[in-house]
Amino acid sequence: MTTDLPDYDDLPPAAEGGRSAWGLFGADDNLGLVNLLTPERVVAAARLIRKGTVFPLDAPVDAFSPPIAVTRGVPRHHLLHVPGTFAFDDVYDNFFPQGSSQWDSLAHVGYAPDAFYNGATEEDVIAGRRLTMEHWARHGIAGRAVVLDMVATLREAGRPYDPGSRTEFSVEDLELARRRAGVDFHPGDVVIIHTGFARWFLEQSVSARLAVQRSMTTPGIAQSEDMCRYLWNTHITAVASDTIAVEAFPADRTRAMGFLHRILIGQFGMALGELWWTDNLAADCASDGIYEAFFASAPLNAPGAVGSPANAVAIK
Amino acid sequence: MTTDLPDYDDLPPAAEGGRSAWGLFGADDNLGLVNLLTPERVVAAARLIRKGTVFPLDAPVDAFSPPIAVTRGVPRHHLLHVPGTFAFDDVYDNFFPQGSSQWDSLAHVGYAPDAFYNGATEEDVIAGRRLTMEHWARHGIAGRAVVLDMVATLREAGRPYDPGSRTEFSVEDLELARRRAGVDFHPGDVVIIHTGFARWFLEQSVSARLAVQRSMTTPGIAQSEDMCRYLWNTHITAVASDTIAVEAFPADRTRAMGFLHRILIGQFGMALGELWWTDNLAADCASDGIYEAFFASAPLNAPGAVGSPANAVAIK
Amino acid sequence: MTTDLPDYDDLPPAAEGGRSAWGLFGADDNLGLVNLLTPERVVAAARLIRKGTVFPLDAPVDAFSPPIAVTRGVPRHHLLHVPGTFAFDDVYDNFFPQGSSQWDSLAHVGYAPDAFYNGATEEDVIAGRRLTMEHWARHGIAGRAVVLDMVATLREAGRPYDPGSRTEFSVEDLELARRRAGVDFHPGDVVIIHTGFARWFLEQSVSARLAVQRSMTTPGIAQSEDMCRYLWNTHITAVASDTIAVEAFPADRTRAMGFLHRILIGQFGMALGELWWTDNLAADCASDGIYEAFFASAPLNAPGAVGSPANAVAIK
Amino acid sequence: MTTDLPDYDDLPPAAEGGRSAWGLFGADDNLGLVNLLTPERVVAAARLIRKGTVFPLDAPVDAFSPPIAVTRGVPRHHLLHVPGTFAFDDVYDNFFPQGSSQWDSLAHVGYAPDAFYNGATEEDVIAGRRLTMEHWARHGIAGRAVVLDMVATLREAGRPYDPGSRTEFSVEDLELARRRAGVDFHPGDVVIIHTGFARWFLEQSVSARLAVQRSMTTPGIAQSEDMCRYLWNTHITAVASDTIAVEAFPADRTRAMGFLHRILIGQFGMALGELWWTDNLAADCASDGIYEAFFASAPLNAPGAVGSPANAVAIK
């Protein structure tokens, strides 16, 4: 079923703008484009493990403090002596799976009120009946990663760029980065967009971080139908970044495609990765000129969960 | 440095029994035998990805309820509406990183009071200065997995076996399972011991589970110096199981080697994985006769943490 | 309505044993016998404030550790610096309102499955529609307290008594203590039964406390229909103690009245106070011979809550 | 010791402005002006219980949502089935003792960095050695309450007033309210200032509440040395209000007395009550013309805690 996905313009229109991929993997599907991660693609991706270098892609769980989204929080960690031993246990409270490097499950954002990916309802999500994190966890996410280094791309293009600004990356910008990287996209790819935002944020003072919390200003992909068409037609599984929302934020909700999550998650069933730690991987790509890698992630096997730490490694 | 680890009997004796590997990777080492996961070994292990099947090794985070260790708990999950949107977030409280499928960090159990792996003190652990989970998280854990199916081994040997009993697996038992699997151990291996305990537990009634909580009875490897010698001399990195403690429990603390965690973690710096979901992987090994796999885990990047979900996949 | 409550034997029989007070305060009542705390009784009780001594009745919130009920826990406390100031805030996780000195709301225990006080259903409790703590919180609990010192009573009667044992106090024992105290019961009274258990528990070693956790052994009132008749016919509002359950525990569920909570809470709508710190108050009563006091409590205004800290003072 | 407190102008000057009451109750004192609640004053206050009406002063623990202080949160409540019974327990996470109607302990705000009331250090607070909530909890807070209704006072004075504004109440305004109420202040009084803010906030939309969260705008007492002198010279124990900070907020830190908490808590050892639910009490005072009441509070017996729910009742 996965070999011949239709083109974007052949998808049926969605009721409130954009195109709909609902039903492509069956009415009961809870995986979305993770379905594209077929055994053949896993085997092919394994050949990218050439030098044996492992790049963990998760920032510390408590790195983003104060939290960028005010409705999330920083985990509270307790160390516990195991009674009667010389051993320790520990426990977390206030652990927001989306508080640091993370996956959005397909239950995170709907296309419209009460209309989540593949026709799931709010009640389906609340009851943990559809789309929540355990579906990806039971499948695993393994395949090929491709790195688009927007910092290097814009620098080489002579364009000024501030990773703390609301810079929009257009389809042309992504294509520029892809050609620079010397890679094609393959179906099932995990596309990793390095913007420099996460490192920039971690270097700011507390008051500067609070200003980011207030404004939510971050760079990211442009909100346009061109972008939707482009991302769909590549037939990738996931797009991840070192920003809070992959798309430029705050979303400009006055535009038809003003909040891409609605389409990417709610219609396409695409996996979005956010606040990933991409610096080490991007630096290695710059160093050896190879912008593809094997990718493996074990999302938290958390029934009913909306988000998960990324739990991801790229291996070159 | 990792190519010529001494034999067990060439290690210096430890003060309170067993042998000591402190200092082998330097006085400041916080990784222990994870150091054995060299790039060469990662590349070699990648060749084990032959059919592209991914086996997530994490049970659901809330599966073990009531908790087997009474001092741990079941996570509390809250779904949160994102104000003014049709989106959800979520948050966990009472999230015990060791409550389900998990890694013990080297900070979990010491060799003796105030004497943790490589000479770290209790204060080092409490302050998060040594041994805690972020060290493995920044390194990543990738390499070769080998599966020892004790259920099938004992069955084929005609020995009665109850996965809810305190059955000890001797060195000879493990060797029987290894030979049956047709594999050798390689330095850096993650040895996965399938006992059937986790599945058995999940099939019990609440009152039967509470009886397990009270007695902590579980099968596992035998507590003996032979076992220490065997596990060290294989030069493996990790041993994981679908039980609460890898070793048979409750520990018989009257024996010299009565609580193996002290030696394996506190002296060897070996990674222990517990309560892993090994059923699907073991079934596949039984089906295709191949008991080795590529292995990747991204432990939670949790500074100062004692434990982490396993976040692990095996790929064949 | 509150002046002429029927006698126990004039109440209609309840379906599964005992008598039923459902409907006495109206079909929608959520207060139970707290209705008896009329303004006249508050004014009368205020006259008991004679020397101005205040007796807080709450033990520390973290005193009972390990928790006596294994399904409850000890609160986790976090001190937080208020950013940019020389001020502190704090926050609790794992805060069990019934973990230390506490009130059982009428939502805590039903008379039978799905049959809570006054006909409320499980769904009413889960939805916070009936019986939960905010009802008492909005009313306040103020009136007269009477102290029954069982330790002194049994000692003076020459009866051996171990506050760590499952000693049952019969109606005759309570009457002995009442006469010794020189008090009558008045409608609306809060009867405080001092058994010495809480102090005893706090003086035990950790392993002795764990033995209590396992067996739940505590002294308390006897489980009998005589006891139900006696407590109802006094027309008191509340009975509180320095034990985990007011009644002797573990409950002997083989008896018809084997678990008094079912009748006292589920049928009578009586307020039960548990694990109160009664030592200072009992010592003062022994010293001045006055076993009555003004009583005031502000249960936590916690919508939908099952329990609350006692938040109580007696004033003599 | 409590009968002859010096006048404000006879107190020694404090190093960074204002006057210091450190040492008045001894070098080890942890109670501050709660010391003024002597038995005689409790007995005298009990005579104010004339009609037996009880006014709980705590708003619901989850009422202020989103939280007015962004660094606090709304409690998360979990209902738990008690296994094998028809009973419920419950547990809170993210329980901020200062999230709703509350007391500031003397550990909440210092006079200067590392200089808390009576010379306590930050380390004293962090270690729970000084000033934290258990001291007041073990003493209890009972005495006389006096109500100042600023809403009615300003209305009768013909002054426009918006409870959502940063209105400052001057000494003259408080005096006007006091004379209007026909009361004198007595040593040890709990002065309750009704501003209408809490009710106003609870009637706002979510977006209007978020605007309050952003600006922290609330009415309250004026930040001036006159106010300090006035409040000290009354020799009251506590001042409470239905606002977030008693004083007008945000504090104007450019003034010498720009943040009154520093003086009132950090120098005077005065008890501050915030976000109390004063509407019912104020309405009753308006109705019967009596602006004094008996007051009782049992602060949470929370060792090391900075704040507590108010747990307070006024009784007339």
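A, B, C and D label the chains in the order they appear, each numbered from 1.
Operating definition for what follows: contacts are C-beta pairs under 8 Å (C-beta built on N, C-alpha and C of every residue); 3 or more make two chains touch, one makes a residue touch a chain.
Just so you know, these numbers come straight off a predicted model, no measurement behind them.
Looking at chain A and chain B, the chains in contact with each of them are C, D. Judged by shared residue numbers over all numbers used at their interface, chain C and chain D contact each other through mostly the same positions, with over half in common.
Our note on geometry: chain B versus chain D, Cα centroid distance of 53 Å, whole angstroms. Separation between the centroids of chain A and chain D, computed from CA atoms only, is 47 Å. Computed from the mean C-alpha positions, the centre of chain C lies at a distance of 29 Å from the centre of chain D.
Among all residues of chain A, those that touch two or more other chains are 73, 83, 91, 93-94. Contact topology of the protein chains: fully connected, every pair of chains touching.
Interface of chain B with chain C (complex): residues 70, 73, 93-94, 214. Considering their complex, residues 66, 76, 78, 83-84, 91, 93-94, 206-207 of chain B touch chain D.
Those residues of chain D whose C-beta lies close enough to touch chain C in the complex are 37-43, 46-47, 49-62, 69, 71-73, 77, 79-80, 82-83, 85-98, 100-101, 107-110, 112-115, 122, 125-126, 134, 137-140, 142, 261, 277, 294, 296-298, 300-307, 309-313, 315.
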